[in-house]
Structures are given as C-alpha cells and as structure tokens.
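Before I ask anything, here is the structure I am working with.
Residue numbering begins at 1 within each chain, and the chains themselves are lettered A, B and C in the order written.
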C-alpha cells in the first residue's frame, strides 16, 4: 500500500519534472531557432518593414523582392558557382585522397609507416592561421594567386580525413583481402573492388565534413581571393553588408538564407554522417 | 594488423614489392600535400618570423625584433588577453550549456522529441559563422534590434551592444556560443549514451537521488568525454576570427580584437609578414601549451573505466 | 553481379562527371575567365562590384573606339572600405599582377603618391591645351586635395562634401523650419531636440554615416580643428598659375596638404568630442557604429532618423529607398568656430610601375572629358567635380530642393578640405576607428581618456611606413 502510494507520488513528481524539463528544452530550442526564423521572415518582407518592431518571426505575407534583389545587386549566381566548385572539389579530393591514404595506413606495410602517420596526425595541431602567410606566398609562386585553385589545392590533403578512413578500414575484416589474394587479385583490385565499396559510408563522412567546413569557410577566402569574380558565398555576403549605402537589410538577409539552403539539404540528408564525423575523434 | 604482415610475408617477393609500391602511390597525394601545404609553410613561418618583409622590397633579417615588437605592442598584448578571456568565458559557457542540455535530453522522453531536440541544437553548426554574424548584427542593433526590444518588454533599457567594449565582447561570446554549443552537446550525448544503465540502478539502490546520480555516476563516467570536449572547445575558441571580424572589426578600441585578427591585419593590411608570422607562432605555442596542460590535469581528474 | 555493374557504372559516371566539371570549369578555377587577367592592354582597377565595372563599360568602349590600339580591361575590386581596397591593390602589386590605372579616393592619394603612383605634372603640362577646359570647370579645392608635395597625382571626377541631410516629413511634424545656410551647432542641437520630442521612442534624430567621412571629421572641421595638424607643402605654382590664375589670388593654393603630427589633445578637439558625447548622452544621436551605411538609407527613408551627414551620393540611395523629391532636403553642415566642410573626392591614378603610362594618361584625360563624365554620372549617386554638370537637370527627377548646396559648399567655404589622409592612412584610420566610439559613447571622463589614447595611437601610426 505504502509502496504503491510512493510510487504513484514519485511518478507524479517525475511526470511534472519531465514537463518542466521539456518546457525548458523547448525554450532553448526556440532561442536556437529564433534568430534563423527572424532572418527568414525578415528576408521575406519588404525592405521598408525590415526594422519594424515588434518583430515578426513567421513570414505571413511573403514578399520575394529581396530575393530578386540579391541577384540584381550582387552576382549571386557566380558566388554560388564558386562556392559549389570550391566545396565540391575539396570534398571529392579529400574523399579520394583520404580513402587512399587511410587504406594504406590501415592495411598495408611499408617502411616508415608509423612515423609518417604520426607526422600526419601532428599536423592536426597546427592552426591554419599560422601557415596562411607561407601558403599565400607558395600559391603566389605557383601562379595561382587570386584563383579558386588557391583555395582548393591546399585544402585537399586532410589529416583528419586520413585518420578517419584509417579507422574505418581497420574495422573491415582482413580476411576479405586474404580471400582475394588467393584468387590472385592485384593490389589495386583488392583495394578498389573489396575495400573501397565497403568504405563508402566512411568516405561519406569525410565528404560531408569537408562540405560543412568549406561551404562556410571565411578566413582563407578572405585572404586568398582579391577579385570579386573569385569570391565565395560567405565572403560575398559580408562584402554586400559592408558596402556603404548600397543594398538593404532584407536583401542581405535574403542572400544569407539562400546561402544556407545547400547546407540545410546536407543537414537533412547527411546529418548522421555529419554527427559521426564531428564526434569521431572522441568515440575512438 | 598481424594478419596483414602475415599476408605480406606469405606472398612471393615480387608481389610484396608491388604492394609496397602500391602503398606509396596511395599515400603520395596526402603526404606530398601535407609536406607542401603544412610542413614547408610551418618552416617558412619559423624563418619568416626573423625577417622584415613587405613583399615589395627584399626581406631583411631582423633577429628577434618581430617577437620583441609582438610582445611590446599594446595592441598585440591586448588581443592575446582578449583571446584568453574569450576562451575562458566562451568555452565554459559552451561546455556548461551543452552538458546541461545533453543530460536533460538524455533523460526519459519520446524518441521523436529527442531526435527533434538533437537536430535543433545541432542546427547552428551547419551555418557559416560569417552569415550568422551578419544577421546577429541586426538582432543586436541598439535602436532597432530584436534583442533590445525583447529586453524592453521586461523594462530593461536599451543596451548599446555593439558600440561599447563590454557590450560587443558579450555579443561575440553569445554569438559564438550560440553557434558552437551544439558540437559539445553532441559529444556529451555520445558520452552519456555509453554509460551503462546498471550503474544508475546501483546508485539508486544506494539511495542516490537525481543530483546524487549526476555527481557520483554521470560526472565521473563522463570525464573522458568532458576532457576531449573541453580540449576541442578551447582550441577552437583560441582561433576565433569570423565573429569579431564581421561584427566589430575588433572594436571599439581593441576591446574585441583577437590574436588571429592581429595576424590577419599585420599580414594582409599592413604587409608586415614577419611580424604576422611571429604572432602566429606565439599563438601556436599557446595552443600546444593549453592542450598539454589539459591532458596533464586529466591524469588527476579524469576517471577512466 | 548486376549491382556490381550498376555500382561500377555509377562510380565511372561520377568520376567522369567530376573530371568534366573540372575541365569545363577550368577557366573559372584558374581565374582565366576574369576579363583582362592575362590579356594585353590597359588594366583599370576600381573599388566596387561587377555592377560598378559594368557601369563604366560604356566609357571603356568609347575609349577603345577612339584608341583602337589600347584595349581596356576594367577590374572591380571589392573592399569594405578604402583601406581594404588599398591593401588589396598592394597585394596585387606584390603578386605581380598590378593594374596600370587605379581609381583612388582622397583617402589613398598620399599613400599612392608616396609609394605607387606617377605624378601627372609632365603630362598635364604637355597637353595643357586639352585639359585647360577641365580645370576651368573644376573647383580648385578639389584639385588641391590631389596635390602631394607640389605634384598633381589625379584629376578628380567625383566628390562628396559632408552636408546635412534632413528628413522633411520629420521636420514638418515637429513644426521645424528648413535651417538657414549659416546655422550653428546650437541650432542643430535644438532641431534634434525638437525632433526627438515629437517622435519619441524608436526614433533617433542624428545618425552617423561612418566614423570618417561624414563621421567625426566634419565636426572637427567646423570647429576649426582636426585630429592631425594641417600645413601646406610648397610648390604647385605651375598648376595654379597655369590654370587658376584668377582664382588663386582669392584663396591661396599650395603644393598639397601635409598632415604630419597628431593633434588629438587640442582643446578644440576635446570640445568637439564633448559636444558629440552630449548629443549621444541625451539620446539625440546614436553611438557611432562602423559604416552602418546600408541600414542607414532604409532607416532614414522610413522616418526613423531625422538627420545624417552625407554628400550628393546619397540622393540616389534615398530615391531607391523609396523617398520622393519632397521627402528629404539638404543644407550645409552647421558651423561653430568655422563652417569649413570636409569632402572626399576620387580620380584615376597612374601606377609608377606600369609599362603603359602614356596609354594610361590617355585614359585619365579621356575620362575627364565632359562628354564622358556625362555618360559616367547619369544619376546622382555621387557629385561630379564639374560645376557645369551639377545642375537642375541632374536632380530634376530626384530632388532635393536645395541641390545647389552640393557645389555651393566649395564656393562658399573655399577652405574646405579632404579627409586628413597622410601616407600612413591605414594606420591612421585604424587608430581613429579604435578610439572614436570610446570618446563619444561613454562618460565625460572617458572622452578625455579616449582622446589621450587616440593621440598615442596616432603617434605610433605616424611613425609606421
């Protein structure tokens, strides 16, 4: 009897506790999404109402003039193409090079392997800001100053991606390779037709991580590109905002929203890979 | 690993050789790339730090003068102090908020709700810090921003967010934490899910309440995750640039100038590449030192199962 | 098996796709598609975006019709401000792909003159007959701003003086009159107070354009002071005697401005900053934010701001923001100890290292012709330096009613001068930006303190370069 009462009481307490908890979490979720919703809603309002208070968080009467404005006032299309090229080629380059190197470090033997791998891991400690000046000089010496290639090529070798792919290949049983060996498969065949297909999810993680990082990257493009023709999205938007006397806040915000769409698509479909990638350093 | 070695020794000599060559081909792009774009530049940075060079005239060897200038310049000193203060406050907030939310989300609730919260808290991570700073600058506008409007509802007078030293420092911390707490949150969520349920049951048998379980079970078992999360939070925060660059350009005064901003300004606005390299090296040493300290502390406090 | 085939097909297709993209996009990746990147011809760099380059396309084509042997490539360089722009030009010089001609504003004139630009003296003297008409039409104050140590470095094409824009409907609602030309700081302050009283919360009487142009400097100038000392260089008589014989007797002209020492602790500077601080303190002005230009037009057009300092360039922005000719007006900047105005101007500079200097001079001369300037400045998004172009027709569709103010500023206050921008401009601007907010936004004690800091920072800045 008493136990029954306490358990009911406990349940009630737990229940109210859980309602309070969910309300608190919902408030936090609102604080997290609020700024983005306001941005979306403001981008869909006529520029004249952008600063009206109280603010609107839901776009009830969408006005798309700011979105056409983005394409009129800046070469939005070019920014998108540049960002897509830079991000896409870096992602593919990282996926391929990291898969190759990761496989070699996980499953092949060669002299100096441990030493080289340690060196690669050590480069993860070096922040990009420390090497940016020499990299800038290097790129200039290669005749790539102020080109998209100056953004792409130095970003392809990836220590983290190599590490990730090595872990991934180590998780694939070695017996598969042995069987292939006995069938007389060449090193390339073993890698390409046995291991690579099984490592696709790992490569997806590398790709999604690269996308998320480089699509949003600001520091390197700010330094490496001079001509407007070579700007990527974040840089173009910041410049649009900074220009004196031009544009309106709604137009700037419309640009911001447009630039979010690809990242949002990746978020919808690749959230799992992204989560795994971001937390990969910890779980292993 | 042993199996592969076996395999290699089992195969004829010619084949072993072809495997070795294959291995070198596979690692070549990464290794050459790393050498060219990280190893050579870091050596270049080390050398450049001892020269004065504005690209237009020939480099001139100046010994330790760049380091002396970096240490004596009030702007550089303030920017490092700002960076350290920023790291302490931002990382603490980020970890605290993330831990709290992770614990709350981990507790009993319908799965769809958990997925919803996880996605929402994760969402800011996919945005670019530059874009976030753009819209935040409007939200924090003193006269017309939503933040001050919300404050006015509870009768708090308008806060001059972006035009005072303390206000802009606060905005940069808030904007940074808003965008990055989701990362630590994910790490904590992963750490929490790996704590065995029976540990809690055992603690309950010992009469531990919610708080007791948190202090005696969750915190100790989560400490390896906390270590990694804090190392990552600190390293990332030490490199903060986008938010202060877009929101305040380091102002007012030097109040929000960070170490990386000074590197950028020295190199690409004043063309003092040697000085920029010297400051960069100081930052790198700081990062390594902090990482070392955190791992040293961990030996004492982290509880490994 | 079939899944193996489709997978292989898929991978092959993906690989081909990526290869195709890389090859197809090669010009984009390598920047080869940027006009003039590796081409022969005259490379002209301007501050702005591709739309700004496009706006000059007509001029370039007209130039090439007259000079078929000189292909012109316009290059738009984006920068948040002139400091950014100059840093990028310097990096281009360093990277070995420097332009031949650069559109430079007063902010950068002395930096360029000192390091990068070729004096125009010999060209101007050689073609004196052709350019005499230009000088006859352009106010000497504007020319003097482009003299450096006795040499002329640019022929300015557009300028903007910091006048005061007023929101007509706000004035009307508050029962205030359009102010007289010789109004003072006190008149201004009481006007702001009147507006604030009528509009109340959510309204700011006075807003800053940015910290430099239309920022603190106009206030310093009208108080007969500046944050740097100002003297004049010797020389330049070749130009004044050659083209401004009559006029130069009225106002003495020199070989250019020299800003050599910090002057932030001048009592008149303190007085100015205290006045501004009090405006902020009373809620009559906002704290100066860095370059809040783009929200400014919207706020002004929506009647959330009563007054802002700007030049003729603002007319077009306000019209695009939805304002009609009667909705806004402009008056001289209010005076205190003086009513000297600050202006900014810009023109093409020839790069010293260019291999096409003669061709570059043809471009400079061509773009300064009246017919070309008429093409260039087809709407009031800036003020042409030619007096004859600032006329009724130019402002017919847009207003403001008192458009004459824009050029009258120069005639009425012939000592008006440019922003103080010595060769150390970048460091100076940084020092100013750093300290103005603190000087204006805090307590009275903080104002004095911030000016002390400004003085120190300026001393350091003057030593650099």
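Here is the rule we go by: a contact is a pair of C-beta atoms (placed from the backbone, for glycine too) under 8 Å apart; a residue touches a chain by one contact, two chains touch by 3 or more.
Note that this is a predicted model, so its numbers are computed, not measured.
Comparing mean CA positions across the assembly, the chain most remote from subunit B is C. Comparing the chain pairs A-B and A-C, the larger number of C-beta pairs in contact belongs to A-B. Averaged C-alpha coordinates give centres for subunit A and subunit C that are 38 Å from one another.
One finds 15 Å separating the Cα centroids of subunit A and subunit B.
Residues of subunit A found to touch two or more other chains are 51, 53, 238, 241, 249, 252.
Counting partners per residue, subunit B has 138, 141, 144, 268 as the residues that reach two or more other chains. Shown for subunit C are the residues that touch two or more other chains, namely 91, 94, 202, 295, 299, 304.
On the side of subunit C, the complex with subunit B involves touching residues 83-84, 87, 90-91, 93-94, 202, 204, 286-290, 295, 299, 304, 426-427, 430, 433-438, 441-442, 450, 453, 464.
Here subunit A touches subunit C in the complex through residues 47-48, 50-51, 53, 73-75, 81-82, 85, 88-89, 92, 140, 144-149, 152, 197, 226-231, 238-239, 241-249, 252, going by the rule given at the top.
Subunit B contributes residues 54-56, 138, 141-144, 160, 162-165, 248-254, 265, 268-271 to its touches with subunit C in the complex.
Taken together, the subunit A residues at the contact with subunit B in this complex read 14, 18, 21-22, 24-25, 28-29, 31-33, 35-36, 38-39, 42, 51, 53-55, 96-98, 100-101, 103-105, 107-111, 113, 116, 119-120, 123, 125-138, 153-154, 156-159, 162, 174-175, 177-178, 181, 186-188, 191, 212, 215-219, 222-223, 233-235, 237-238, 241, 249, 252-253, 256, 259-260, 263-264, 266-267, 271, 274-275, 278-279, 281-283. The touching residues of subunit B, counted against subunit A in their complex, run 3-5, 7-8, 11, 18-20, 22-27, 29-34, 36-42, 44-45, 48, 101, 104-105, 107-109, 113, 116-117, 119-132, 134-139, 141, 144, 146, 149, 178, 183, 186-187, 190-191, 225, 228-229, 232, 235, 238-239, 241-242, 245-246, 260, 263-264, 267-268, 273, 276-277, 280-281, 283-284, 287-288, 291.
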